[in-house]
Amino acid sequence: MNAMIGFLTDPAHWTGSDGIPTRILEHLVLAFEALLLAALIAVPLGLWVGHTGRGRFVAVNLAGAARALPSLGLLFLVWLWLSGTLQGDASYVVPTLVVLVILAVPPILSGVYAGVEGVDPAARDAARGMGMRGTQVLAKVEVPCALPLIFSGLRSAMLQIIATATIAASIGIGGLGRFLIDGLSVRDYGQMAAGAVLVAVLALLVDLLLALVQRLVVSPGLTGAFSTARPVPEDRRAEPSSTSLQEAA
Amino acid sequence: MTWFLDHRAEVFDLAVRHLYLAGVPLLIGLLLALPLGWLARRFRPLYPPLIIGTGLLYTIPSLALFILMPGFIGTQILDPVNVLIAMTIYTIALLVRTVADGLGAVPGDVNQAATAMGYGRVARFFKVELPLAVPVISAGLRVAAVSNVSIVSVAAIIGVAQLGSLFTDGFSRSFLDPIVVGIIACVVLALLLDVVIVAATWLLTPWQRAGRVRT
Amino acid sequence: MNRTKIVLALTTTALLSVSACGSSSGGNPLSTGSASASAGGGSSADAGTIVVGSANFPENELLAEIYAGALAGKGVKVDKKLNIGSRETYIPALNDGSIDLIPEYTGVLAQYFNKDAKATDSEGVYKELKAALPPNLTVLDKSAAEDKDAVVVTKETADKYKLKSIADLQPVAKDLTLGGPPEWKTRPTGVPGLKKVYNLDFKTFRPLDAGGPLSVNALKNGQVQAVNLFTTDPSIAANGFVVLDDPKSLFAAQNVVPLITKAKVNAKVSDSLNAVSAKLDTTTLGELVKEVVTDKKDASAVAKEFLTKNNLG
């Protein structure tokens, strides 16, 4: 582990086009691009499935099946398919983005439809009773109530994206995976360990960031901060099963 | 497709190795996650550090763990045991929380009733809490199984033979067939493991089926 | 609860027995890419078995298959662990006994063990290599077949900058991006060597792969203007690339040679491998590589054909 500390403290590794900050930035930009694209696809789809209840069977199994797709295989496959037709840097970035989006859509889809589906029927009833129409119910009641699970899906997807973007260094892109692949090719354990630690730390920080956004966006009424119910005795209270739906999907 | 038909034996051989590298860690990981999850549930102060600690483990990139393993445990560089142990760590990381939450989902009334019937703590764990926690744990196990199958394929980069080898071989020759076959084989393998786990869960939870038998 | 125990026992047995199949089928020497997946750690090979390894590019895998087939033909027990990685990865594997034999190239290998290796001709390099090897390793006879590293550019680039040799890159290198395997960043024959021998300072170095599809594509796409490919690579001819001359012999002679643990050498082993080396030349090697990479034939099949044709296996 001295080698790793040595690598991280060497100032030469913090500058230049293959320095740590550059790689972190490359990794982050790619990750957020992928998350955005995946959300653009998955959120509307998930809202539709959750609100209308149609296509549920497909959505559930899609999430499970997609988790089985081997990311390395997908990366190689899409790269071989697209590399002939793209010029310049796009020939590496586009296949990577395609694969990242493919792997990120299922958890987000899962979180969104489970969230919308799981909204308290009483709240839906009340909304209709107040005169809201379908889309208004969706926008004003279902989505806000579904936010915790939606965020859970987003965070799960982000973890998957960051992990896969690391492996994508094997098809030539930049990012923190470079330290792993380049370190591997010369058996530089310090570089590899440093890369691993950086990826882990990055994943944690991004998750914290998303958690912060979640805290800001989700209504306090949902988090139980203002609970007016009488406290239930310890031994009679069942712990909420926090195996969140994206894991059970 | 003809490539697959010509290479059936080789693909099957690689698939079996893949199953070994993904499946054995599932068993061992589950066995090790059970006491850890129980500890997290039993002693409340342990829950956050255990859950956060194991969550951290999961963020370590798989490739790095495979490579650095010989440094930690002194195995030979090309030994598949490196992959086995790394995968077990990932399985535990996924399952500890699931086990803790599964055990926690057992209603307090049931535990109290069991104690009233005379079950000691250990007997209660094995005969009441664990069986009732099976549905939740099995959901987590299914996730772990599928994710293991995907992660193991990355080990092809360090030369460990399994279905991922089809990816590296196909890529180095710009040959799509092995890659496609490998992807399909991985998905089929994951499906297989999923079916086995679902079947085992179904057999282990007869009370969930009881309602339907009534006429 | 009997039922629970039965179910658990059955599931466990099922999973374990399938995985037992995995570990016991590790001995088939003729299936490509097989490895001994022994659970007990390390190679389960007994004293007579030779574990053949290979680097992570098709030509080396092909050579390993040829060696393995030749040895098996003479009755030696063979195990294969292919596609290990770069030299920096498999030399330690040789040292710790994970593998016993690997196809190598005289020039780069000599430089790996002796940074000051000077010879550039076949015989000189071979002599220096033998002197530079550590006591536990040895090389057998070298073959006439050579596969050298090369710096390759597209025809357009060569015409634009009037490039014929690597030395011609000197004035324009600062505007160009060089591509190569990640290990080139630090290897004496890579970026540092190009600087030392030819005084080349490229704008950037892009880590790609060891002369594989990433490198070929990057050159075609314009992501890099010069790239490291191997001289037997069929894509050089297929794409009309230009191989730049190496007048100062940065890439010394690179004859294919078996690198083997001394303890595993005996008469049978050296006879069969030397016979193979005698029959290999650069043209043949190039053709065989083309069959694997371009015609998509299995390395093991191509190796078998070669051995049968030459009465070696």
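Each chain gets a letter, A, B and C, in the order it is written, and its residues are counted from 1.
Going forward, a residue touches a chain if its C-beta (ideal position, glycine included) is under 8 Å from a C-beta of that chain, and two chains touch if they have at least 3 such contacts.
Not measured: the values here are computed from a predicted model.
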Next on the checklist: From the centre of subunit B, which other chain's Cα mean sits the farthest off?
Outcome noted: C
Next on the checklist: Between A-C and B-C, which chain pair shares more contacting C-beta pairs?
Outcome noted: B-C
Checklist entry - In whole angstrom, how far does the Cα centroid of subunit A sit from the Cα centroid of subunit B? => result 21
Next on the checklist: From the mean C-alpha coordinate of subunit A to that of subunit C, what's the distance rounded to whole Å?
Outcome noted: 38
Next on the checklist: Centroid of subunit B to centroid of subunit C, CA atoms only: how many Å?
Outcome noted: 35
Checklist entry - Tell me, which residues of subunit C touch at least two other chains? => result 85, 89, 92, 209, 213
Checklist outcome for this item: Contacts with two or more other chains occur in subunit B at residues 156-158, 168, 171, 174
Item to check | Junction residues of subunit A - those touching two or more other chains | outcome: 80, 181, 184
Next on the checklist: Could you list, by residue number, the parts of subunit B that touch subunit C in their complex?
Outcome noted: 7, 9-10, 13-14, 16-17, 19-21, 23-24, 26-27, 75-81, 84, 127, 131, 156-161, 165, 168-169, 171-175, 177, 196, 200, 203-204, 206
Item to check | Footprint of subunit A on subunit C - complex, ascending | outcome: 85-86, 88-89, 92, 181-183, 185-187, 204, 206-209, 213-214, 217-218, 221-223
Checklist entry - What residues of subunit C sit close enough to touch subunit B in their complex? => result 1, 3-4, 7-8, 11-12, 14-16, 18-19, 21-23, 25, 28, 31-35, 37-39, 41-43, 53, 56-58, 81-85, 89, 92-93, 96-99, 209, 212-213, 292-293, 296, 298
Checklist entry - What does subunit A use to touch subunit C in their complex? => result 17, 80, 83-84, 86-89, 91-92, 171-172, 178, 181-182, 184-187
Checklist outcome for this item: subunit B contacts subunit A in the complex at 56, 58-65, 67-68, 71, 97-98, 101-102, 104-109, 112, 136, 139-140, 142-143, 146-147, 149-150, 153-154, 156-158, 163-164, 166-168, 170-171, 174, 176, 179-180, 182-183, 186-187, 190-191, 194
